[in-house]
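What follows are several structures.
In the two assemblies presented below, chain A is common to both, partnered first by chain B and then by chain C.
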Partner chain A sequence: MNIPRSPALLALAALAATPALSNMLVPPGPRTGIANSRLSATPASEWNRLSHTDGKFTEVWTIDGDQLDKVTFFGGVARGKALLREVDRKHHPLPTVKASMLITDIPVLLETTYRIRGARQMTIDTQEPAMLGGHKAIRFTYHFTLDDEVRRKGEGLGALVDGKLYLVTYEAPALHFFDKDVARYRALAASITL
Partner chain B sequence: MRRLFPIVMTALTMAVTMAGPTIAADPTLSLPTYTPAYEPRTVDERGLWMEADEEERLLRDSPLRIREGKLEQYVRDVLCREVGAERCQSVRVYVMEVPEFNASMLPNGCMRVLTGLLLRARSEAELASVLGHEFGHFELRHGLTGFKAERRTKDRTAWLAILGAMSRTDITDTRISLLASFYRFTRDQEAAADQMGLRYMATSGYPARTAAEVWRQAMAEQDASEIGHGRTPRHSYVSGYFDTHPTNLNRAMALEAAAARMPGGGEARADEYRAAIAPYLPRLLAAQIKTYDVGATDFILASLAAQSGWTGELLFARAELYRARGNPRDLQMASIWFRDARAAGYAAPELDRDLGLTLLRNGQADEARKALNAYLAARPDASDATMIQTLVATEQ
Partner chain C sequence: MGQFRIVRGAVAFAALLVCAPLAAQEKTGIKPGFALRPGTARIVLMRPTILVGAQSIGGVNEPNADWTRQARENIALALRQAQANVGNAMVEYDEGASGEGPLATEYAQLFGALADSVIEYQFFAGNRLPTKKRNDSFEWSIGADLGKLRSLAAADYALFITTRDDYGSAGRKVLQMVAAMGGVGLKSGDHTGYAGLVDLRTGELVWLNADRQMGGDVRTAEGASKRVSQLLEGFPGKSSAAVNGAP
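Entry: the complex of A and B
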């Protein structure tokens, strides 16, 4: 095999091996326009922003890969829109954000959405009042299982601001991984401004 | 008494000899030869069983499995009643919490039953008709013959591609015909398993006509789901080119025709079934509601209510279903059904919470606060109590 030796050729080879949209390092420090919305945060440590998303209102961050730890920002999901991309709108439409929603309906919306997308035995465990970027919010915990049957735990912080839903969730396998990075997620969620 | 004994014995012997040959001579009721503790015999079959054993280990340890109570034992009892204690010895049943209407069986005797089937079945006979169908696949060794047919089709397609390339001939049509014949084969297997399931039912005493009713019911639910999604329901008699199963309509008609030639059967055991499922019903209903299929779920609830009447439990489930969709008209109806459920004896304090949240969304703040306070009084330590307190204090 011939290995290109010139730096230009090496750079070209690296580019060719990289997908068109790549994952991106998120350095510590302020970051605005998360999930193409008014969500801003100031991570205290490094994260990776994944190039793939679960829909046009979402942005996914991770430390070790989204199967092991996954932070999803839902930025300003408008009335009539679903949280995630609809895979089978004809047969399995996803629930949408409603004008009359209360903040207690946010966990229900997430649970129904996940169940339709294949989560099993999803349960909301706790719910408590909180603040998200200075707005009244709900902090909730949950657990669920996907097709791989790994037990996952999750934590979410959501608010309804000007009729739009803002939510940040953290999900990781219950065994070891959830506890490993939950403090980093909480610090990140606490830094969110709207 | 001594004189009576020989007469009774003679009458009994006559009854048995008269009943026996009728069933034995009826070719529509003949069952495959049963081999106790069957072991796989060929390389292919041993390979399939090895895979099935591995899959069964995963099922056994799955977090989705319902281990509580004796639900799996009950489902197995229904199967044993249907196929006989001897045949049943080779089967293990695993009930998985998945709100879909399905069951399946692996070649090694591992049966997987989804809770969606248990919610929809209205009697032991309906459950047995699906279990018998799966057992038919198992006893007819469909796993093995299906695997061989698939491999044969792939081999022929590969050879065809080589020969076609060598002779520069377009093989597209032949390849499609080969594939179509494979799918035809799987549909024939399904039809054979349907007929075998019917024989188990007829010989066990469950009414054989129930099998067709299951498919009629499935079609009606499908209609309700389509209408709920704003579409026009359709059913076709003929399967598509690449369908693995015959259409529901086709199956219902074939089963009806075959059942008409069989003995009428005895009890469907609907009461016994309801009693056995009752402890699990709230869990099954909650999972179904979260499928967000309002049309199908409302149909299932109405079908359960047709048997037991609108109990508090069913009314609560219906209210939750409409509350989840959350259109203004849904919220209106949900609050009425929550109150009806309370009047019908549904006592859980969560009803007050969900009624309160519904009223709050519907702009009836005063009534909502009353209901939410009732919930907080009954469940001061609930995991969502502080959240509800905040809502009561802040929502106008």
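Entry: the complex of A and C
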């Protein structure tokens, strides 16, 4: 797909949106204010919090690097806002959180966002009711491929609370990496409070 | 190509702009304590992942089927010539009657992602993941299931090769010169090469040589030979001089 902006401009935009320059250790134990929001969690084991994010409302944790395993917290995405940082708002605007959204719309929002951002074969596989931090939520699974041709699987748990979207996703290559850490992700997601 | 990769590159570039120590990048990693004595192991050379394209004036990479075909032929030949000098028995991957070819290809693609992650989060010391900083660790794995493939049953190690080249267009080169005159550094072309050895008993990556600024024009036989020499530089079990063809 065509990328209408130069990498240099994107770099400057990314620089402006990247407050920290080093990745940080997330030790086991309670952690509050995830993704600059009311999201809290209690990881049972160590994670790495990446210095870069995918947007204003996100925070990324990983064990082996986000190409190999990636937990993304979307913390309180408000109405009219997109899940990820806009790269080409004029030609390829990302879908936004709507006032009329239901929790069943959350997987579609992620799917559409990923398709616009260039993910191929992005497909939602399963959906089921769930709870996130004591709120009604949706748990869903999906798969997609990026430009590196690696087949990736994903799992998400999302809710709408006070008109804002809270979502945590886990993505990893289908070979080896997804299964390696999915239990650790599920324990982390189960520990979330809002 | 998606914007996911573009944004990643942009962030890395931005980090480089403001954090000079990141530029001090390592290029080779080896699992502490790993050693491979000559003549002791059987290595399978997995089918290399080779992609060649052009880089437009705006930095967008466009695949080129002819260049990719040329590069595949040239690198395959260069690898065959290098096999005799790696110090251990090396054979090309053959799926035989196993039907595991597509899965082997998937592992080769996964190796590319693994190598990318090692470069970004281990070789760039300033960007290293905190959990990877301890005791000079080099703990990366592609998964033990690789070693369970029937087509790899007789092997001890798998050698993966990935190269991605994008040659700057004339317009891109002009832009690079103009930018240089204005004091701005601008890359024209990308030349990435990874070679990694995986222990098939454990799935561990025991050696990786990876560079995003490789030499050698893979569209020519001579350039591909140079590229393969670079890829196998420091290959375990044999000195780099021998890998390069010296006695």
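Heads up, the rule we're going with is that the second predicted complex is superposed on the first by the 174 of 194 C-alpha atoms of A that agree within 3 Å, B and C clash if a C-alpha of one lies under 4 Å from a C-alpha of the other, contacts with A are read in each partner's own complex, and residues count from 1 in each chain.
Quick note on the criterion: contacts are C-beta pairs under 8 Å (C-beta built on N, C-alpha and C of every residue); 3 or more make two chains touch, one makes a residue touch a chain.
Keep in mind that this is a model prediction, so the values were computed, not measured.
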item	value
Touching partner for A:Asp125 - first (chain B), second (chain C), both, neither	first
Partner chain in contact with A:Thr112 - chain B first, chain C second, else both or neither	first
Contact breadth on chain A, by residue count: chain C or chain B	C
Partner chain(s) touched by A:Lys98 [first = chain B, second = chain C, both, neither]	first
First, second, both or neither for A:Asp162, with chain B first and chain C second	neither
Which of chain B and chain C A:Lys136 touches, first, second, both or neither	first
Touched partner set for A:Lys90, first chain B, second chain C, both or neither	first
Contacts of A:Thr62 with chain B and chain C, given as first, second, both or neither	second
Partner chain in contact with A:Arg151 - chain B first, chain C second, else both or neither	both
Those residues of chain A which chain B touches in one complex and chain C touches in the other	92, 120, 149, 151
Parts of chain B lying in touch with chain A, wherever the complex brings them together	58, 62-64, 97-98, 229, 231, 290-293, 324-328, 331, 357, 360-362, 383-384, 386-388, 390-391, 394-395
In the complex with chain C, residue positions of chain A that touch it	1-3, 6-8, 10-15, 18, 21-25, 46-48, 51-52, 54, 62-68, 85, 87-88, 92, 117-120, 146-151, 173, 175-177, 180
Contacting residues of chain C [partner chain A, same complex]	1-7, 9-11, 13-15, 17-19, 58-60, 106-107, 109-110, 112-114, 116-118, 120-121, 126-131, 140-143, 145, 186, 203
Chain B-touching residues of chain A, taken from the complex the two chains share	90-95, 98, 100-105, 108, 111-112, 115-116, 120-122, 125-129, 136, 138, 145, 149, 151
